[in-house]
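Look at the two complexes coming up: chain A is in both, with chain B in one and chain C in the other.
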Partner chain A sequence: MNRHLNAFIAGLALAIMILIGLFGSRFVIYLTSRVMILSIFAMGYNVLFGRTGLLSFGHAAFYAAGAYGLGLYSLHVSSHPLAGILAGIVCACLLSVLIGFFCVRHTEIYFAMLTLAFGMMVFSLIWNMRSITGGDDGLVGIMRAPIALGLVAIPIIKPQAYYFLILLLLIVSIVLIYRIHHSPFGLVLAGIRENERRVAFAGVSLKNYRLGAFVISGTFAGLAGALAALLESHAEPFSAHWSHSAAPILVTLIGGLQTFSGPIVGSVVFIVLRETIERFTHNWMLWFGLILLVIIMGFRGGIVGILSRWRK
Partner chain B sequence: MAKKGWTRRRFIQAGLLTTGAAALGGFAKPTGLWAATPKIKGPIKVGYQAVMSGTLAGYGDFHRMGATMAMEEINAAGGIAGNKLVIEFRDSTLKTPEAIQNARYFVDSWEADFLAGVDSSGQALALGPVMAELDRVLMVTHAATEKLTEEQVFKNGIKQIFRICSPTYQDGNAAAFVAKDLPAKTWATVSPKYEYGYTCWEMFKNTLGKLKKDVSFTGESWAPFGTTDFRPHINTILDAKPEGLYSTEWAGELITFVKQAKQARLFERITHVMFPVGAAMDVLEGLGAEMPDNIWISGRYFFLYPDSSQNNDWVQRFRKRWNHYPAYVSETGYATMFAFKKAVEAAGSKDTAAVIQAMEGMQLDSPAGRRVFRKEDHQAMYDVPWGLTAASDKYPFKIMGKQVMVPAKDCFNRPPFEGDESKPPF
Partner chain C sequence: MSLESIVHVCLAGLSTGMFIWLVASGLTLIFGVLGVLNFAHGSFYMLGAYCCLSALKIMGGNFWIGLLIGPLFVCAAGFIIERFFLRYVYHLALPYQLLLTFAFVLVFDDLVRILWGGGSLGSPSVPGLSGSVDIFGRYFPTYNLFIIIVGPLVALGLWVLIEKTWYGRVIRAASTEREMASAIGVRVPALFTSVFVFGTWLGAMGGALAVPYVGLLTPGMGEAIIIDAFVVAVIGGLGSLKGAFLGALIIGLVSSFGTRFMPAFDMFLTFILMAAVLLLRPQGFFGKAS
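This part shows the complex of A and B:
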């Protein structure tokens, strides 16, 4: 019964997304594109945060690695978008292996602070390597060239076409992350979160599994960053700033920390709420903060968590 | 019960009366050029974004004061071609995705006819391709990077972008023209550690180097965004013992820098000091009497220049309306609305292509004086003086005493923006 309901909701959501892509106005398509990119970022992040129980403040660095990887590749090597996205993902993956290697030796606050420090290191590198990264101006002029697939080319310069590319990659990400969560690997991650000593006694290398989770989440952050850079035609240094690392954390908390669909619901609430509040007041930050506070404190387990409890 | 009926009747009467008056007003007003162009429909909507949160939020307020005042004056005088001018403001923060989302919201959701504002250079550059896609005119009122007009408009052909404020040429090139007549031969800088700071110092060095062969540049210290302790930077500069100091620090950081430099007796040891954005009202009012005398300052507009009736009247009206002296972003925000008005009325249309055509080469008499929008790169050409700080009985802050004018035509880079011939001196 529950399973059928979930499948029904997923199907309905997909239908709505396709309808938005087909009939939505340019602004709705843009906003939904941003929701999807944030969803990818947050879902990947949740592999580490919700599943493994590690709080990272440095994931903006991997997001930026994806954005700058794509940007530099498309400006200097080839403007093929899929190759660019792949370049961004590879950059983010390598960077997360490097940073993760040093961070996963620690847990809790030490882990959080280490990721914060490494993340800010990446930020200052981007800020200061002006000849490569453009400093605070960022990378300007990233174009959405058509996707050339042998005989056909899909012109993703149209927001609508690009929307469907993001939607496709979102679905792929959801399926992948679902598989990861339900694989033996994912179950060990949950085990580490619940009782790491017991997992260690079972003969599992905590470090390797944590590193695995770290790299997976960093890679998805890179995918999100690359997609965002293509969406905005621009890569900017503040995407690596620690304050940007807070976005997936907030989104996950709003949606539901230990739920699968929480980050997606959280992303929708995060972006739509902000956009709505800004239409009424200039002090949007104040109201936004207050409402987030109410959601996070009032809905323990997030929106999805509360809903699934009601259903039971 | 009876009272309620009375109120309703009164309400309807009042309603009819206002509608009637509005209709009459509507009929009575169209005269002159735009009487013959009824094809412009509905209000003219301008989406304005500026930084309204964080440490630079004061700039957003000053943007808003200027633009709002222009809107009130334009609407009181019959609007733009008989249509009401409406402005919506949004917080741009300093982050690029916010600026892009605002622009898209303005055009696609709120249906703006024009966009204006933008403080950060990174945001302005990132908005280039977005404006081409949205196809609306964006008037930049604060961001100063020369790359916007040289590369995005001139080279990439994004004709939708215009800039009404003076760009980095005023900070770098014009400063060099002033510095060449000073006795100082060694110069150093404490400047912001981002593109704006680097670009201005580079321009200053190049232009001054060409104007005066025997100068040398002896020290650089770059202060990151958000610096509160400038003492290490001040010490670096004092150790270099330059005769002149050039600094593009601005807003709160310039205030902090001046206070700490004073404590370190920097102004006694370095006599020739230049602050390209020192004539900003937030800095002058923020420092008050603490601003040393005989410092070279400039800005993108200074409320005592030009000494014309248009400017003086405007400053008076601004004082009356907001109880402030106008900041430069107030002037650029104000003048922007009149630029839109003039262009729409000249084009007889609010269509982007027609407005762009009308605005290219357009002259605009504004509080800052006569501006001409250069056809090639859409940069407004107008003159802003450099001046030496001096105390005045009339103001609770330092003003420009002795002034030097470097005309825009002499210190602004010229198309095609390649090679040495494009850069001053010409």
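This part shows the complex of A and C:
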């Protein structure tokens, strides 16, 4: 019964997404594109945060690596979007292997502080290496060239066409992350979160599994960053700042920590709420802070947590 | 490079370091006793600066009156945060504690924008300390010299408080063995509230003292300093006041020499130092090995 209901909700969501893509106004399409990109970022992040129990303040660096990787590739090498996205993902993946190698030596607060330090190192490099990264201007003029596939080329310059590319990649990401969560690897990650000593006594190398989770989440952050750079045709330095790392954490918390669909629900709520509040007042951070307080003090299961409790 | 400029770069580094120390001291005290890494501490610094400015305007423009009165309002905010919010998340996992304080960062940033406007505010001159002094043929602001003296005095005061007074003994008892302290009659929740409010006051004083130093107050000023304070607290060893003091000196000097010799990499240097300390000696220079 539960399984059928979940499948029904997923199908309904997909139908709504396709309808938005076909008939939505320009603004709605842009907003939904941003929701999908944030969802990819947050779902990937949740492999590390919700699943493995590690809090990172450095994932904005991987997001930026994806954005700048794509930007530099498309400005200097070739403007093929898929190759550019791949370049962004590879950049983010390599960077997360490098940074993760050091960070997984610690847990808890020391892990959080290490990721903060490495993330801010990346930010300071992007900020200061003006000749490569454009400094505080970022990379501008990233084009959405048509996707050339041998004989045919699919144009994605229209927001509507690009929307469907993001939707496709979102679905691929969801399936991949679902497979990861339900693989033996994903179960070990949950074991590490619940009781790392027992997992270690079972003969599992904690560091390697943590590094695996770190690299997976960093790679998805890179995909999100690359897609965002194509959407905005711009890669900006503050996407690497630590405060941007807070976005997936907040989103996950709103939607529901340790639930699979939490990050997606949270992304929708986060962006829609922000747009709505900004209509009425400039001070969306105040309201957002208050909502966050209410969630932490009283509703730690997030929206998905509340709904599933209510369903029982 | 001449001796004079080395002296001046050192002095600039010392005054920067002492400012970070004023903020990091409260952060470290709160972490050491309550075990909570307080993101909102940068907001206390910012609120301290704004409240000081408003208090001195209302009270007739004397900076010293603003310095005394302004931070007291921030203490009220600190009391509310600990008593009605933080107290209920001590037993929860680390992310919830961090995010609770982060929520207050968001709230306070916008509150400052609503109450004082989003632009920057100019700051007053300080009676008695407004000029500059001649050191080796170059001028150095008297106020910055004053800060270089105030920093160690605060450190000395904290040392006496923690090591030599009854209150300090109770704090040390409760931070090492919370349940035992409670069993012998220490009212731990009230003690935690008082420590949090005292830490808040330290952060707000740092902000109030920064008013003449930074010149312009902007709503984002808290977020810039909190990361520096984190770096300092980590380098010294989380929870160690002695470490935070030395960490602040090191970071102040590194950043002022960095700005002088490799301006493109001064921020990079501080963070690589932070990462190196975390990797090689995670307990910091003075933290206890766990």
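In this text, the second predicted complex is superposed on the first by the 310 of 312 C-alpha atoms of A that agree within 3 Å, B and C clash if a C-alpha of one lies under 4 Å from a C-alpha of the other, contacts with A are read in each partner's own complex, and residues count from 1 in each chain.
Operating definition for what follows: contacts are C-beta pairs under 8 Å (C-beta built on N, C-alpha and C of every residue); 3 or more make two chains touch, one makes a residue touch a chain.
All values reported here derive from a predicted model rather than from experimental measurement.
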Chain C versus chain B on the shared chain A, clash or fit after superposition: clash
Which partner reaches more residues of chain A (counting touched residues only), chain B or chain C: C
Touched partner set for A:I296, first chain B, second chain C, both or neither: second
Contacts of A:R34 with chain B and chain C, given as first, second, both or neither: first
Touching partner for A:E278 - first (chain B), second (chain C), both, neither: first
Chain B versus chain C as contact partner of A:S25, first or second or both or neither: first
Touched partner set for A:Y110, first chain B, second chain C, both or neither: second
Partner chain in contact with A:V204 - chain B first, chain C second, else both or neither: neither
First (chain B), second (chain C), both or neither touched by A:A148: neither
Partner chain in contact with A:A228 - chain B first, chain C second, else both or neither: first
Partner chain in contact with A:W242 - chain B first, chain C second, else both or neither: second
Offending stretch of chain B which, after superposing on A, collides with chain C (from 19-27, 55-63 or 415-423): 55-63
Shared chain A surface residues [contacts with chain B and with chain C]: 127-128, 282, 284-285
In the complex with chain A, residue positions of chain B that touch it: 52-53, 89-91, 94-97, 100-101, 104-105, 108-109, 120-122, 125-126, 128-130, 145, 147, 156, 193-195, 198, 225
Chain A to chain C touching residues, read off their complex: 49, 53, 55, 102, 105-106, 108-110, 112-114, 116-118, 120-121, 123-125, 127-129, 242-243, 246, 249-250, 253, 257, 282-286, 288-290, 292-293, 296-297, 300
Residue numbers on chain A that touch chain B, as the complex places them: 25-27, 30-31, 34, 127-128, 130, 134-138, 140-141, 143, 228, 232-234, 236, 238-239, 275, 278, 282, 284-285
Chain A-touching residues of chain C, taken from the complex the two chains share: 37, 85, 88-89, 92-96, 98-100, 102-107, 109-111, 113-114, 223, 227, 230-231, 234, 238, 264-265, 267-268, 271-272, 274-275, 278-279, 282
